[in-house]
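Worksheet: one structure, shown below.
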Amino acid sequence: GTGNVTPTPTATPTEAATTPLPTTTATPAETQTLLIATTTSLYDTGLLDALKADFEKKYNAKVDIISAGTGKALGYGENGDVDVMMVHDRTREDAFLAAGYGLDRRVFAYNFFIVVGPANDPAGIKNMTPEKAFTTIREKGLADPATVKFVSRGDDSGTHSKEKAIWKSAGFNYSKDIQKSGDWYIEAGTGMGATLVMADEKQAYTLSDIGTYLASKDKISLVPLVEEGDVLLNVYSVMRINPAKHPGVNVTIAKEWTNYLISPETQKTIAEFGVDKYGEPLFYPAAGNWEKIGVNQSEVEEPVA
Amino acid sequence: MGFIIDGILEAVHLIVTLDPDVMEITALSLAVSLTATVIATLIAVPFGAAIQFNDFPGKKVLIQVIQTLYSLPTVIVGLLLFLLLTRHGPLGFLGILFTPQAMILAQMILILPIMTGLTITALSGVDATIRDTILSLGATRLQFLRHVVREARFAILGAVALGFGRAISEVGAAILIGGNIYGRTRVLTTAISLNTSQWNIGSSIALGIILLGIALVVNTVVTIYQQR
Amino acid sequence: MGFIIDGILEAVHLIVTLDPDVMEITALSLAVSLTATVIATLIAVPFGAAIQFNDFPGKKVLIQVIQTLYSLPTVIVGLLLFLLLTRHGPLGFLGILFTPQAMILAQMILILPIMTGLTITALSGVDATIRDTILSLGATRLQFLRHVVREARFAILGAVALGFGRAISEVGAAILIGGNIYGRTRVLTTAISLNTSQWNIGSSIALGIILLGIALVVNTVVTIYQQR
Amino acid sequence: MIELRHVAKNFGEKVVLTDVNATIRDGEIFAIIGPSGSGKSTLLRLINLLDTPSGGEILLDGAAIHAERVSALAFRRRMAMVFQKPAAFNESVYDNIAIGLRMRHVPEAEIREKITAALEVIGLSGYEMRKAKTLSGGEMQRVAIARAVVTDPVVLLLDEPTANLDPVATEAIEDLVVRINREMNQTVVLSTHDMLQGQRLAHRIGVLMDGVFAQIGTPREVFAMPKNRHVARFVGIENIIEGTVRENRDGVAAIAAGGVTIAAVTPLAPGTKVCACIKPEDITIHLADGTGISARNVLSGRVTGVKAYGPLNHLTIDCGIPFTALITWKSAEDLGIRVGKAVKISFKASAVHVVEE
Amino acid sequence: MIELRHVAKNFGEKVVLTDVNATIRDGEIFAIIGPSGSGKSTLLRLINLLDTPSGGEILLDGAAIHAERVSALAFRRRMAMVFQKPAAFNESVYDNIAIGLRMRHVPEAEIREKITAALEVIGLSGYEMRKAKTLSGGEMQRVAIARAVVTDPVVLLLDEPTANLDPVATEAIEDLVVRINREMNQTVVLSTHDMLQGQRLAHRIGVLMDGVFAQIGTPREVFAMPKNRHVARFVGIENIIEGTVRENRDGVAAIAAGGVTIAAVTPLAPGTKVCACIKPEDITIHLADGTGISARNVLSGRVTGVKAYGPLNHLTIDCGIPFTALITWKSAEDLGIRVGKAVKISFKASAVHVVEE
């Protein structure tokens, strides 16, 4: 933990009341606070906590992180209650930028979603393409919902968006062919961890981000069945809140955070993160991989001015 | 504040159009929480009376513990129950995880301490002379209970109202044990929670208004019954 | 069941090693919820007394509404307060979103109806002749309040215990308004919620045990105070 | 001075007081008597501002206490009331008695002094630390009296203050009331159903019946000269004989009543329908062959009943119309009274109190 | 039959009953009198199984009611109790009275009948639908009596049943008690602080003092022949004179007491320290110049006080030692009694009740 700045309500009521969200007008000597809203799956990997300590030391800053579902995180951003957003849902990010709420999106990492399921793989999808696997699960699930099931996040999160994208790419109309199509398709409406647990309980398939899966691997019996496929790409980006919309958001340090993330040293840290714990990295650095991710180079490597 | 107005408008809209999804989750909320409250009442009132009207060593400690359980977080209740009901858990054979039955169980467990504690408080407010009078008139144990509860009915119904309120408004256990499965275990609070995580504030508020609406109806019915 | 034992062991470990993170969030939980409870008590008791001891049109309806608010979901409280406190909200200028102050506010709002309603119930249990006696002895308004509350102290302290329990165990508003920021607004319930979402069941249970532990301490202190 | 002016009170449909009028003077002990449910407690509660009259007004030293924009507190602090069913606070006896004083911010040393003295008077010294809720009925009643008295009120309102007390304790309380009334000139308004207590304590008695004071007067007036047959019946005059004035010579009337004629001192004219009230203790019993009785009224009869009545014997005698008489046990023994015995009864014309029907 | 055998009761430190012994016979009206706080209510509560004795046992028809493994309910259903502070259920008067019957599953039609009859007797017809909480003190007391009586108990326990009632209502309740006792042969145990009520109603009276029955006997025995000076004082014998037997001739003793000598019928031997008790009503007053008084004891004195005492006058006379006497108002008037008047008092040797100190 950081432990150096830990305001308790009794100890620093006035400070918190008068300078709740430090602004750019603060003198450089003063410790600034950066407020980040992040999607849960990213936060839960622990990557941000690992980066935060280093950043705080280097920039004489304090980083506060709020983790929430993608929708809620974007909501906080829209209202200008945070300085920086870190999410993984490009469609909605685009809308967010287009609406002028966000600026300076930078992609800093990526990894892949995986399809997990029971070890005995009742639908037999192992090593299929994601689209094929989904189609098979649907077919077998419709035929025998007792043995083949799919649990969906069902919460409009980034992961859920990705799931919908896969259905679409497999040629289905999500709301018509999938939702409410039978007992095989279970819309959980909860977080990733809970969804994995539910899938495990029901011996069902589900789509998961790699980080959450690895974190809960030893507590559940599900195994990864589909790990390859472009459509499974999971891109994490960072953007700062537009001060024109919300005067008062912390601009300087938000930029510094963005640049810190895409800096070569940090990219290296990202590449190595999780290896010691899981034996494999949780993220791939975005640097140098802009083509693979399918974005402009500037969005990956150009520091924010 | 626009959201609040949006929420009210949406609530009105959902109600007048009898939106089937909303009807369903409202009905489930009501069914689950009412059942949990009724069962909890049937346990808590005799249990509370047994504690209040008997002297035994450890009585004070027991009351203390019951009051402490007021602070039991719903997530913890959900977790513990999950560990019991999971496939590999001691009660896994029941196969009721992620069903309304399990949610009833969770809510019931959650509100039992509150209802028992408030029953004790309510009954302790009944005058000793009333208690003596009931006994003296030749009451059996059950008749004693009935009459003393009747005398404390205002406070006991307050406890029931509170238990119901806590049950229908809790979300932690409902989501863990029920799973917030669309069309099956989604209740008002889990739906609100979902909507909020999706930042559909208007819908959240609309569902909140509906939740308060049914709470109002339940309370009114109980109050009318009480005044009969 | 292994998780429960794990949880107990972890709780013991966290406590005996005085784990600084745990100490910090425990202290914050306690500070926030105690403050919220104290403020809510200071408001609810006089307010409840004002309702109970005055006759005015709409009194019954008001009590009904208060009882209905028992069912107010914490997420809704969180949302509404968020809409007030967000940067461009009516109270955005306070800049207290994502601070403990805002969490205190949220918890206080959440428990106000419960505490007011239970105060009314508690005071309605005070015999009319006791009330008359207090008045007759020449009590000012404040003295009347003090003495009648004193007579109902058992039930009122029950209400306080319940308010505190509700405050310290709620998570919906705490997470929306506080943001569960590590080192700043993370309290026991939001930490439990986080741990649970990460399926760290042992840690969740450990934190739950710690939460119940401080609730027990608070209740015991209150009870000892009451019996003086 | 407490003035009751056309005080009325009803609870919904139930009319309790219709038109109560009285002036209770400073330093007076005023007793309210009346049947159970006649409104004694209600009236005391109205004076103590615990309830609001439905009509009329109550003045304390000229100020209407129920007037709007008047602080009840100032008036209440000049009074103290002991309730018919005294309520015990869930505290010690000491704290129970101290409450009124603490409300007035009396220094604790003075409170202690006063309470010690008060407990002495009510015979409960050493009870300071007892939980008041566990007191016996009479003990609690005495504590309630102490609680009221220690505040030194100008007006002391006592609702059946000795209802639960034995004669010895009653005497102690009565002595206390008389003493504070004499020494501190406190006005005392008390309700009682104990006629003897009214007689012993009160300067004046008001008989509350059917929503009004049927009579207000000194104990002598009320008990010897009741205003009507209801009052007469209530104050224990058992011989109430209906009749008609036949003739009236110089203020001594002959009243015909059910076969007998009764001589009575009254100015009422012949033809008036009246009730003749004769107190049982005013009737003398003679053996049937007794002669030379000086009383105007002498009737022959036969004893139909003998009952113990404390120090007295209570006889019923049938003289054509039934009479009751009280005589001492000794006289009864001397005269050999028993059921069936033929006796003569006599009473003076002046012992007959005549009221118009 | 209720047998009290060595019944003891203490509340923590506070010892209330130490060794209460009595046998209350079937069909008897047994009155418990005693000072406030002596344990009358406690004893009744013990009989009604509302509390457990600290020692001794209570037998109902031979069965120890507090024995372990005995159902309290069966015993309780044979009794009914009226509490000193009757509690009203938050219901109508009708429902309040019906509770005991409903517990016994009496058909509603019969309940209605019984309640109508009971309300008639207690003078509260038409009160069926009133909320019991709003009744006056006396009304509630009567409702409580009705509530107990309608269950037709074998044993009726009444704790100060008429404490809040005026004489007229008291008479109605007393009549009711006497009637159910006579007609249904119910055993009645009542506590009262009204000595006259004890005298009027009870077949036997127990005087509860200092944790034991100081005396049990017929009203006559208790009031005329108290066992000791405490009982004597409590039952209202005001002349209690300490002295020593000087001589005793054929059962008539001469007792020397503070300067005067009193002749009394007693077998006690000379030298015995005694108390001589003389009831005030047994003392005859004569004008100082009266002659030919037949009584053994004639003392000269001076009137020092005159008080009204219901139908009587209460005199205090200083004869060297103080005496009190009760005479009728008429006699007082005839004799011209007033403070300061010189009088002679007389009483028979047989009127002196002598108890050993």
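General remarks:
The first chain written gets the first letter, and so on, giving A, B, C, D and E; residue counts start at 1 in each chain.
Rule of thumb we're sticking to: a contact is a pair of C-beta atoms (placed from the backbone, for glycine too) under 8 Å apart; a residue touches a chain by one contact, two chains touch by 3 or more.
Fair warning: this is a prediction, and the values are worked out from it, not measured in the lab.
Common neighbours of subunit C and subunit D under the contact definition above are absent. Fewest steps needed to get from subunit B to subunit D, stepping only to touching chains, is 2. By number of C-beta pairs in contact, A-C leads when A-B and A-C are compared. Centre-to-centre separation of subunit A and subunit D, using mean CA positions: 89 Å. Between subunit A and subunit C the centroid-to-centroid distance comes to 34 Å (mean Cα coordinates, whole Å). Note: centroid distance subunit B to subunit E, computed from Cα atoms, is 56 Å. Listed for subunit E are residues 85, each touching two or more other chains. With touch defined as above, residues shared between interfaces to two or more other chains in subunit C number as follows: 127, 196, 201.
Residue positions of subunit A touching 2 or more other chains, listed in rising order: 194. Working note: touching chain pairs come out as A-B, A-C, B-C, B-E, C-D, D-E.
Subunit D contributes residues 45, 48-50, 72-73, 76-77, 79-81, 83, 85-87, 89-90, 99-100, 103-104, 147-148, 151 to its touches with subunit C in the complex. Of all residues in subunit C, those touching subunit B in their complex are 1, 3-4, 60, 64-65, 67-76, 78-80, 83, 89-90, 114, 117-118, 121-122, 124-125, 127, 152, 154-155, 158, 161-162, 164-166, 168-172, 176, 188-189, 192-193, 196, 201, 204-205, 208, 211-212, 215-216, 219-220, 223.
Interface of subunit C with subunit D (complex): residues 127, 129-130, 132-140, 143, 147, 150-151. By the touch criterion given at the top, residues 20-21, 24, 27-28, 31-32, 35, 86-88, 94-101, 104, 179-184, 194, 196-199, 201 of subunit C touch subunit A in their complex. Those residues of subunit E lying in contact with subunit D across their complex are 11, 14, 33-37, 41-42, 84-85, 130, 134-139, 142, 159-160, 163-170, 193, 195-196, 199-200, 219, 233-234, 236, 279-282, 284, 307-312, 326, 328-330.
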